[in-house]
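We just call them A, B, C and D in the order they show up, numbering each chain from 1.
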Amino acid sequence: MGAEIDLSTSDLSGIVADIAEEMKAAPDRGTPAAYIPPLAKVDPAKFGMAVIEADGTCHLAGDAEETFSIQSISKVFALTLALGHVGDQLWKRVGREPSGSAFNSIVQLEFEHGIPRNPFINAGAIVVADILLGRNEPREAIGEMLRFVRTLAGEDDIVIDREVADAEAATGYRNAALASYMRSFGNIHHDVERTLGVYFHACALAMSCRQLALAGRYLMAGGMLPSTGRRIVSAQRARRINALMMTCGHYDGSGEFAFRVGLPGKSGVGGGILAIVPGRASVAVWSPGLNERGNSQLGTLALERLVQRTGWSVFEPALG
Amino acid sequence: MGAEIDLSTSDLSGIVADIAEEMKAAPDRGTPAAYIPPLAKVDPAKFGMAVIEADGTCHLAGDAEETFSIQSISKVFALTLALGHVGDQLWKRVGREPSGSAFNSIVQLEFEHGIPRNPFINAGAIVVADILLGRNEPREAIGEMLRFVRTLAGEDDIVIDREVADAEAATGYRNAALASYMRSFGNIHHDVERTLGVYFHACALAMSCRQLALAGRYLMAGGMLPSTGRRIVSAQRARRINALMMTCGHYDGSGEFAFRVGLPGKSGVGGGILAIVPGRASVAVWSPGLNERGNSQLGTLALERLVQRTGWSVFEPALG
Amino acid sequence: MGAEIDLSTSDLSGIVADIAEEMKAAPDRGTPAAYIPPLAKVDPAKFGMAVIEADGTCHLAGDAEETFSIQSISKVFALTLALGHVGDQLWKRVGREPSGSAFNSIVQLEFEHGIPRNPFINAGAIVVADILLGRNEPREAIGEMLRFVRTLAGEDDIVIDREVADAEAATGYRNAALASYMRSFGNIHHDVERTLGVYFHACALAMSCRQLALAGRYLMAGGMLPSTGRRIVSAQRARRINALMMTCGHYDGSGEFAFRVGLPGKSGVGGGILAIVPGRASVAVWSPGLNERGNSQLGTLALERLVQRTGWSVFEPALG
Amino acid sequence: MGAEIDLSTSDLSGIVADIAEEMKAAPDRGTPAAYIPPLAKVDPAKFGMAVIEADGTCHLAGDAEETFSIQSISKVFALTLALGHVGDQLWKRVGREPSGSAFNSIVQLEFEHGIPRNPFINAGAIVVADILLGRNEPREAIGEMLRFVRTLAGEDDIVIDREVADAEAATGYRNAALASYMRSFGNIHHDVERTLGVYFHACALAMSCRQLALAGRYLMAGGMLPSTGRRIVSAQRARRINALMMTCGHYDGSGEFAFRVGLPGKSGVGGGILAIVPGRASVAVWSPGLNERGNSQLGTLALERLVQRTGWSVFEPALG
């Protein structure tokens, strides 16, 4: 508590390099998701990390330039976009509480009459996709989502991996069940296939750690895109999205992530995690092996190491 | 983002006074807890607030000097004390995830084989009380707990309200059910009555907002007691307790509290809330009326106002 | 206990007429199902009853010749047909226990990994439909089902109400959710739409009380069709289907039906009930108003009266 | 369908002897309950069977004269006695539906606000014990229960096994949890210890198969005690208790028991089962090994054999 105040850019590059080295050698790497065939083929030895500071300085290590399927991390960007469309009306259709249950979400939907607990579990993100679809064709909604993420990252070559999107659609019976079930409560307004089309394509965004950290900068910077000065969301909305990432960003491992890392973060089953250090940095890590809660095992460990060495936890008194 | 950097002590006194005035006049005050008779008798018009800054400056408003039953806020101090006794072994008997379910905790205990989700729901705090009991008599464990809170607050006249403790014991069948149920899984080691004796007496601690804010200072200050320089817990443990307060401190309203307030906090059914601004302030509010999740309605609103005017959310970029 | 031994055919006609008269005048008739528009239009004043004795004598009263939507009563015939196709292999995909829970079946599917509790709840009947579909087109499977029911009743003019089938498909999101969910566990083998097509058409069978009682005769007669001497199922299978009707035939009101009536029975949300008096009679009643468990209010009462006056409960010592 | 009409007494003795012989040699005997130490000590090779016909003829085989702990079978006698005390008012505090859930009863109590699903699961039987306690001392209520069972069996030497009762009390934390939990809803009226005292002692009744079959005769005979002509309950109440045994008598294996055996029955974790053939016979079997649902493995098989050879299923058309 104190050393971090003087943390220099070169110190930080060293820290990031050290962590990547430790992770490359880590013996217990978790297990990659197997249920989507293209994800199961990814090399479990991969590890990448990108830290982008408030001033734009970028620290990369490992496979930070290699693209991977961001999967549920897209829920953050989709929520941001949907809030732009309908504002706080969105919260009539989605809650803001941790799902908090090892037995997953369809049970909760029954008890809570089709209102998913938060926008970062599948059911909630499907409602968000339904909002994004609005009066458009799925193709248009997917296009808007892609353009939005490209704007956030400032890179035009981000793409959606069609093979992944198709594989999700082909095996996504549980998501179809969630969508049909919510439709039975009136909380999905479009044909289930159309809404899921938007959802699956958003999940199939392929990005590198560097691109993902770039795309997360607006949450570090009070809602502004630092490179352009353009406001993406209000400062209040940025804080609130961060709060949701803290309490709900890691499924039923959100409490553990807050306990160990202490940053707002969102994980995806592709092995990526986006973590936000408000006012300080946007961080992306990637390692395909998952822990028993479905979050990247080494990604979490890498972030824990980063926070230990930088004092960047939001629960740290001397952040400043 | 910026103004708060120059927040002066006199600004802060004005803010606290403004909030107290607004709250005194608020029409919708929630409903005081009715199930413990002595709590049901408390005047719902009460409102108190205390903000203690890192340098010890104290801002009081409203009924900040009136004692109330801190109830579940005691779970924070009990957890701190129990971690001192058994260290991280405690986490073998208690989880670290939000309970996240409107249907409350005995269901979860069945699915998770007697391991409560976190130390801030009743089941978890009963396990913590069982740990505090250790090899002692309940009277000794209760005495230790009282001394610990007196030390944290630096005040010797804090007491336990025996009328409240007796009323809880007389009507606490649900807590007895939780304790017996966990005992059936081997996760309570003492006679249920003895363990509950410790638990009920800790809940019956009577403190004022000022005393409560004093007692919370170690969580603001990286684990140190600022007045004495004495270390209560390590910096890491202080961060972790703050993280638990953020994700689990308001029962099934924890996500909402993080969304609106953005601070680690712990509420009690007596209407109190302790909130921590790491490095900045320890804050206590009290208003007896509860919202539908069992958290102080005006207490939450008062903290939301405080954060709006000070920029003290941990999710705010320019804290510092 | 004794009088019923001498129950004559004319006594029985009088009893049936008395019951119909009482039911026609009953003030509290329950509430017709509203979620399928064509069902909501049915006149709640309707009441019909048909009792067909082992020797073929038929007692009719009220609207016993008017057709209604048999809905879930079709699950009995579908199960019988599917057991004919795959034998006891069917029980690998469907359980034999009461669902026994007011909170309905999708929760149970999650805990029991996609295996529905019994063939008489929706999820179980959808698996049965999936089995009936086999390698055929839905049209063929529906045709086979229709022929089977016509054979059982010995009447060729039984039809499927296309308006009802279409209405169910248009609003059947919860059934689509169940099917998709079971498909995610591998317990539905065909496209959800195709399987549900078979299911919805079976539910849309339109039959009169007389026809329904005729169709149930094989369960009264140890598996034989009395009119032709043709064996439909073995005596053991007939007993077992009766047992399932007793424990699972009235959703979460099965215990109550056994308690009050004491006969194997299966209800449908169209207001019909088929009840079997082994060795004695096949009975059908119909009244559109449902009780809070979704079973025909007056249909249940009518059967209770019938059993009181005939001593036909299977739990009655002197049946014989 | 027909042969059973001519079943002679000597045929039946042969059948019972055959079954006992088969069971004595059966390789897969299940696993005795381990959680109550005195039960865990019972020899798993034991098997007893007693069939008492309506005319009083008694067929015994195997260890039919050896006493065992009847455990939950006592719930049938306790229910009968409590209905005698308070009549159908009892059903305001206990339901009549199968619990129907592999995840057991405390979950259900939460959803259904402290009303247990039926009197044959532990929670329901604890409410029944609370009713039996009434305004008496536990000792008196236990004495009344013992006298009642002695009257039913017509034998004065039936006793309660104090060692078993004490062992249950010492380890019965889950039952204490159920009782405390129901007390929190106001559905237990006495001190938990007192109510559980009655409950545990009833469970600890020690009886032989012969005694148990004798005690069950009133349920076979329309509520009369055949030996004395004394009416124990009305014919309607006898039918209804039989119905409850059919739908709820084997915990979450009740559907399976109805499917395989087709008789009202009640099992206990001591390995006993009481089964009723209305108008025909009262049957008791005992073998300590349990199946995965907690019901006697060989006891169930023995009853299945008996029904196969006698045609005694209540779902059999030609019973008579």
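Please note the rule applied: a contact is a pair of C-beta atoms (placed from the backbone, for glycine too) under 8 Å apart; a residue touches a chain by one contact, two chains touch by 3 or more.
Bear in mind the structure is a predicted one, so any value in this text is a computation, not a measurement.
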Centroid-based (C-alpha) most distant chain relative to chain B: C
Chain A and chain C: spacing of chain centres that average the CA atoms, whole Å: 49
Centroid distance [mean C-alpha coordinates] between chain D and chain C, Å: 31
Rounded Å distance, chain A centre to chain D centre (Cα mean): 56
Overlap residues in chain A, where contacts from two or more other chains coincide: 103, 111
Chains touching one another, given as label pairs in label order: A-B, A-C, B-D, C-D
Interfacial residue positions of chain A with respect to chain B in the complex: 1, 54, 95-103, 108, 111-112, 117-118, 220-222, 235, 238-240, 242-244, 246-248, 252-256, 258-259, 262, 264, 278-280, 313-320
Touching residues on chain B, where the partner in the complex is chain D: 103-104, 106-107, 109-111, 173-174, 176-181, 183-184, 192
